[in-house]
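Structure provided below as structure tokens; questions to follow.
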Amino acid sequence: MMSLPESSSRPYEECGVFGVWGVPDAAALTALGLHALQHRGQESAGIVSFDGNAFHQHKGLGLVGEVFADGDVMSALPGHVAIGHNRYATAGGTHVRNVQPLYADYAFGGLAVAHNGNLTNAKTLRQALVRRGCIFHSAMDTEVFVHLIAISLYNTVIDRLMDAAKQVKGAYSLITLTPDDGMIGLRDPLGVRPLVLGRMPGYEEDNGGWVLASETCALDIIDAEYVRDVEPGEIVVINADGVKSLKPFGDKGRRFCVFEYIYFARPDSILEGKSVYDARTQIGRELARESAIDADVIVPVPDSGVPSALGYAAESGIPFELGIIRNHYVGRTFIEPTDQIRNLGVRMKHSANRSVLEGRRVVLVDDSIVRGTTSRKIVDMVRAAGAKEVHMRITSPPTKHSCFYGIDTPEESKLLAAQHSLEDMRKAIGVDTLAFVSFDGLYQALGYSDRNDGGRNYCDACFSGEYPITLVDKMGKLVQ
Amino acid sequence: MMSLPESSSRPYEECGVFGVWGVPDAAALTALGLHALQHRGQESAGIVSFDGNAFHQHKGLGLVGEVFADGDVMSALPGHVAIGHNRYATAGGTHVRNVQPLYADYAFGGLAVAHNGNLTNAKTLRQALVRRGCIFHSAMDTEVFVHLIAISLYNTVIDRLMDAAKQVKGAYSLITLTPDDGMIGLRDPLGVRPLVLGRMPGYEEDNGGWVLASETCALDIIDAEYVRDVEPGEIVVINADGVKSLKPFGDKGRRFCVFEYIYFARPDSILEGKSVYDARTQIGRELARESAIDADVIVPVPDSGVPSALGYAAESGIPFELGIIRNHYVGRTFIEPTDQIRNLGVRMKHSANRSVLEGRRVVLVDDSIVRGTTSRKIVDMVRAAGAKEVHMRITSPPTKHSCFYGIDTPEESKLLAAQHSLEDMRKAIGVDTLAFVSFDGLYQALGYSDRNDGGRNYCDACFSGEYPITLVDKMGKLVQ
Amino acid sequence: MMSLPESSSRPYEECGVFGVWGVPDAAALTALGLHALQHRGQESAGIVSFDGNAFHQHKGLGLVGEVFADGDVMSALPGHVAIGHNRYATAGGTHVRNVQPLYADYAFGGLAVAHNGNLTNAKTLRQALVRRGCIFHSAMDTEVFVHLIAISLYNTVIDRLMDAAKQVKGAYSLITLTPDDGMIGLRDPLGVRPLVLGRMPGYEEDNGGWVLASETCALDIIDAEYVRDVEPGEIVVINADGVKSLKPFGDKGRRFCVFEYIYFARPDSILEGKSVYDARTQIGRELARESAIDADVIVPVPDSGVPSALGYAAESGIPFELGIIRNHYVGRTFIEPTDQIRNLGVRMKHSANRSVLEGRRVVLVDDSIVRGTTSRKIVDMVRAAGAKEVHMRITSPPTKHSCFYGIDTPEESKLLAAQHSLEDMRKAIGVDTLAFVSFDGLYQALGYSDRNDGGRNYCDACFSGEYPITLVDKMGKLVQ
Amino acid sequence: MMSLPESSSRPYEECGVFGVWGVPDAAALTALGLHALQHRGQESAGIVSFDGNAFHQHKGLGLVGEVFADGDVMSALPGHVAIGHNRYATAGGTHVRNVQPLYADYAFGGLAVAHNGNLTNAKTLRQALVRRGCIFHSAMDTEVFVHLIAISLYNTVIDRLMDAAKQVKGAYSLITLTPDDGMIGLRDPLGVRPLVLGRMPGYEEDNGGWVLASETCALDIIDAEYVRDVEPGEIVVINADGVKSLKPFGDKGRRFCVFEYIYFARPDSILEGKSVYDARTQIGRELARESAIDADVIVPVPDSGVPSALGYAAESGIPFELGIIRNHYVGRTFIEPTDQIRNLGVRMKHSANRSVLEGRRVVLVDDSIVRGTTSRKIVDMVRAAGAKEVHMRITSPPTKHSCFYGIDTPEESKLLAAQHSLEDMRKAIGVDTLAFVSFDGLYQALGYSDRNDGGRNYCDACFSGEYPITLVDKMGKLVQ
């Protein structure tokens, strides 16, 4: 049952994108790449391939392994080039028509688009396009791109794509597939969202084997080699002539999302030349230096807290132990709990390891505190398992602002740090001491002298409130 | 697995449309109406309702009873107004995105469209629209309407709809649902496809209870009264002010599809003031007069041949018997037969009733011969059951031409009558004698003096090759 | 969601059975045979094949064409011998574990059973078997057979089967499949339920091509020839040695179910040497003689009333017309109607053909009146379409008693005829006159001088209350 | 498509069992308990509840969260008592009829059984039961129990259960649900498989709140307190009278499965009074002492290797790092890889973290080597990521023998350690050094002086070949 118009659809998308050019079984490789990027989106998955004559697509709700489980699906996606997309699972009404890649028939031929990120003027552009007579079929930002390309007065696909890109504002990485111009990758002018270029060895002769992906872990799974990051504002055009680079926006600087290091990216990825695992370990070490505490055991909140907890443990000399066990079988659905059972909720995902916690002074290491409710439940669980003291160490500065650049965060009024002092937060989550890494410490861990130095290269708007890209739609709202 | 572009999708659609305005449970009544029109399309069904604030829709592949089987579906379609659509089942790739009604968000608000028929300049218009930057999401003619409305320079929905209608050519009936202007019905300028106006008693006070439907049988099932046929080229606008009639095309004549009487419509419907059952009985009588034969039993090819066989039997005085039994449980799928079994195919649907046929001289009455293959199988089956003689009587003139106005017919080269003499046809289907009703006889059965008289009021292009509406797309093709 | 124990499961089953021995593609032929017998059961279907080494089975809920739609299913049912089963759709909780054929591993090898009918001592036997330690997995009578065979002290399958058959009481036809003894057919001692033997030509050399089926229409669909009916109480053993006949019960007489002629069997079947279609036509003629009435048109209640209405029309000289149109697209599910819509229920299945009914004196011909509620709705619909008079003629005597032999009938207290006089029934269903065929007339139509003559050969317990087989379970109930 | 008989079905089952008595929402609590035991079986899940009058059940293939995702399912499982079961996923043909708990109607009433483990005389007993006339409906050992209870000559359920238990041989834990005697737990005479007794606080007044579960982690998730382990050979009867203990077998010793500590149980469980996490850490420490090596980093093979790797790291002073990242989104299905892609298989589940491995001397810690193929792939992946040396340390002795007591192991001929010397194994998996923990070291880590001391209390047949329970079915095979 679909209800129109979909006012409830969430505008902010977290996603993974992947594309491969000039290899046999391009769609199967794309499925593997999407699987490696599954942490960036579990709601839906889709692949579009091109076989030299026609486009083929398959999309569905669910994990990559579910959507592409059927062997027939792969054989129905022929071609030496394919692009794919994962989408993040949000609560409520997800529809297949909101699944990417998007495909459109244009006067100049077909085109498929996979897009990660968020446009900050999507609503504004959409209203103008509808007024012009454009008909939208989804709630996705990506469809704004699709229409802007369609109505562009330029002739070539690449010119139309640049024309469209100049009209949108936002943080995004985008891969398109075209019959004549090949596979095209595009990263927003400030490079907020990641996009890397790689190559599978063995296809050099035909100028093939090129790969685009959100993270390097998607190169590793198919044995492709990392070539370089696509630059902020760069367009890479990949076809039989090789890789051509265009920079239509000039140099606007570089503001990569610092939260990719802290939480979102996979630990074995290398982003902007830096290992995510190393970054987290260093932040953990920095945190141990900034907020030392006398304790018996360092316990990560799994799974994202593990590398930083190892760093904290190494720096502090306090042993690292798995005091919280994660249940890996938690799927996207579970029994609707009765009232009696609802308070057991957090235990669906985590359980306390009493033999590690009982009678101990425990340091919990986690990546962030958003609403604070999950932290509170974990702390309660750890105390119930007998911990004598519980200290919380957070590997990011306090999350005080919403992200409008592609990371799902609640509105500011629901962010614990936006509304409370550190002491109030400590009480709210029920710990003996609470500390966040400092801004300077964060950037020192990333190799800069302080935030003045590092902050120019990163977007940390969710911590600082300094938004590097104008929030056009939001401004409109304030005016009204 | 969806393949793009869908070059294989068939442009010719047979469909049923239904709409109801100003009654509680509008969607449930629409489901009943669509059920009564199920013979016009079994491939898919859809309903869009409007509750005063928002549109709601549900669509699916399958019979009405299957698509709307779930009780929750109905409660998710609230509102006092709803429109619905059935679509004909063609072999191969049917997709939910080709299911009607179509819904679109416009600058002026939402609009839903259900459409029966075929545009003869759909391709031409579509190419122009795509060139302009319009993006299509289905293979349906209806979407051409949707875009023409979107880009119209007129202001009101009705003006935009008239603007669109003036640009399209074809045979169609159409129902749209709008928030502000109510429910709008539209019949093509020559009235090739049917559309009737009815009313449910009990809602007069609020100017409610209005119904639009392809056939009167859909009025009967909900106890609505027949008011009148929508006129050729007429637009009826139904809302709280009552029913307003617009005739933007002037009087272009009237060319109702004669094949609706012969085969397509349900026997209990009254179309253009004439009972379909009576028409068929009269054709059967006429055929008995034109092509009398000495025989023992009149046997209809079920189910469409029954009324005309009764007419033939009454006129000839030869007894009517069910010599062929239809299996009503034939669904849309069945076992993939092995070679051994394939020649038993026709028996899935029909079986011979030996006690009626054995040793008898049999007259088979059927509505038409298209490819001739099914007729041959039935004749063989009747002979195998012991019939001494088999005579075939057909209640239409020979089908020599394709329909481009909404009835599914194969291309001319595959029509038996287009390629063969009467005697060759007789041999091909293996009967002792074969006769078709004459053109004059057909129109006399419908109450005219001859074809000169009646033919002016009907489209009989599939028999005569006289196409009353220009075949724009087809002309384009010939030029190339 | 399955609930145990299944007290709600209905003990009375209507079914179709089919088996074929010694042909390639035995399972595909069985699917066709079951399709021809679909009118005997639409709830579920199943096939077990044997390939010389192993048994293979596929079962499912739904029509034969749905359960066996997938091509893979057929290739997974290899072998030259197969048996199959259709089951009647009752409201509510149907489960796959209640789908036949049943298969069991015995100490002497595997055995599959398909069973049509009802045991009158099933409960009594079941209780004794459970007390002995037998564990039941379904609610079906057939499982009683399965356990009786398992615990029999005899050695051979055939002796065990006879041993089991001697312990059960009831009306049934049964087909079993065994690795060593081939396919075995068994009909109850009085031959209440039908079972015919047929043969596919072309397999004589290997003694193959033998077919068992509930009705001859299942022979026709696969081009098999009718050989003979299996005799009451006869066991036929079909294997490479040909067909062996055993009569373990001696001659107990013959009491074939007369309701198979009136309603249940398909009109093109020949049962016990009599054409069902002819029997119905003759009953219609007899009814016209017994209960003549001055009228304008004879209208069958479709579909079962058609042959008898033709007989009535021929005898009376009053024209036969289709005054009621049946909607063939009524499936097993439909929208849950709102209160407003519920009274439109009957129109889902039938609609009035006004052009035949308006202003006419109408004779409706139907096969039986059970609760009377459907008849009332049809009469009301016919009157609403303008009939001047409505006369009802029924081709069976009044249904005053429940069937315990395999035909689904409600309990006696819900049978209109069990509780009301003819005049009260006439008023209840709202007709001008009402008449049932007389007992003598029914049997004269079947070729006997009167009921004394014919009644000895048939079971007419549902009309007469004379039950030829002891109702063991029911007696137990009365005692309690 | 089901094929009979199911010769391919695997006799060895790994499972989790859970039951709760005397609490509201018993089925929902059971679903939570099964979720906590999900690591013991991911193939299927089932729950049977009893509401004082009737049994209710729901079973399905898939994870607990999938099988019980629908809210309606829970409301259809009313009652204050419920038992549940998880089953291990094996490749190929899993059928719903092989899902537990099993339910049977007996002469004395209904009974449900959930069973973890393996009977070593199941085949022998099954043959005897079939010969007696018992009919089996599944391939599960549990059904042998069900029939033995049915045919027992004893009167009470508990006597029948003891009668059955005395006839079976094997390693198992079992929970049954009865209307009159309550919930009954039973552990095999040597206590090979675990079963713990717990209690939810707050239900003491009605003698309620009792819980039985395979592991204590299932108590933790519902906030139940650990009471004690059910003793080897003990029957606990739980009903309104409290907990009654029976020891029908006397004291046969105690041989708990040592592999539960090494691999199978969850690290946060306490089994036989010992923390699984601590046991693993101690084994890791012992291994570091036994097989020290100069290296740069200790890397666990996730997830089971983590605690022992932490122990190894702590003992050796070499840093612990996550050099291998596990992809948690690997489900039970994935794309059928092409030849090109097949060798990338292991990367679906694991990926190398280059920043930890490159240029390092790596010690990999894993729990066991079975066939050796997975180990080889992981080692290759670690080397491809730049490791300078790779040393493998295994926390169990070499796996040289199959388990017949409920742990899935391949036949002996496929076990690497059964066929190869240590040096050959080292070469086969491609490491620089390879070491297994010694028998004495293993038992020292568990708190004993050596294997002579500890081995008497544990079953280590898969390492030692000393099978404490007679392999009746296997013996039969050897004789043949």
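By letter and in written order, the chains are A, B, C and D; residue numbering begins at 1 in each of them.
Here, contacts are C-beta pairs under 8 Å (C-beta built on N, C-alpha and C of every residue); 3 or more make two chains touch, one makes a residue touch a chain.
To keep track of the chains, here are their UniProt names: A, B, C, D = Amidophosphoribosyltransferase.
The shown structure was predicted, so the numbers you read here are calculated from the model rather than taken from an experiment.
Q: Using only Cα atoms to place each chain's centre, name the chain farthest from subunit A.
A: It is C.
Q: Taking the mean of the CA coordinates per chain, how far is subunit B from subunit C in Å?
A: Centre-to-centre distance between subunit B and subunit C: 36 Å.
Q: If you average the CA atoms of subunit C and of subunit D, how far apart do the two points sit, in angstrom?
A: Measuring from centre to centre gives 51 Å for this pair.
Q: Hey, how far is the Cα centre of subunit A from the one of subunit C, in Å?
A: 62
Q: Which subunit B residues touch at least two other chains?
A: 73
Q: Strictly by the criterion at the top, what is the full list of touching chain pairs?
A: Between chains, contact exists in these pairs: A-B, A-D, B-C, C-D.
Q: Provide the residue numbers of subunit D that touch subunit C in the complex, in ascending order.
A: Checking each residue of subunit D against subunit C gives 1-5, 54-59, 72-73, 76-77, 97, 103-107, 110, 127, 130-137, 146-147, 150-152.
Q: Can you list the residues on subunit A that touch subunit D in the complex?
A: 24-25, 28-29, 31-32, 35-36, 38-39, 42, 63-66, 68-69, 71, 73-74, 217, 220-223, 266-268, 270, 275, 277-278, 303, 306-307, 310, 314, 319-322, 325, 327-331, 333-338, 340-341, 344, 347-348, 351-356
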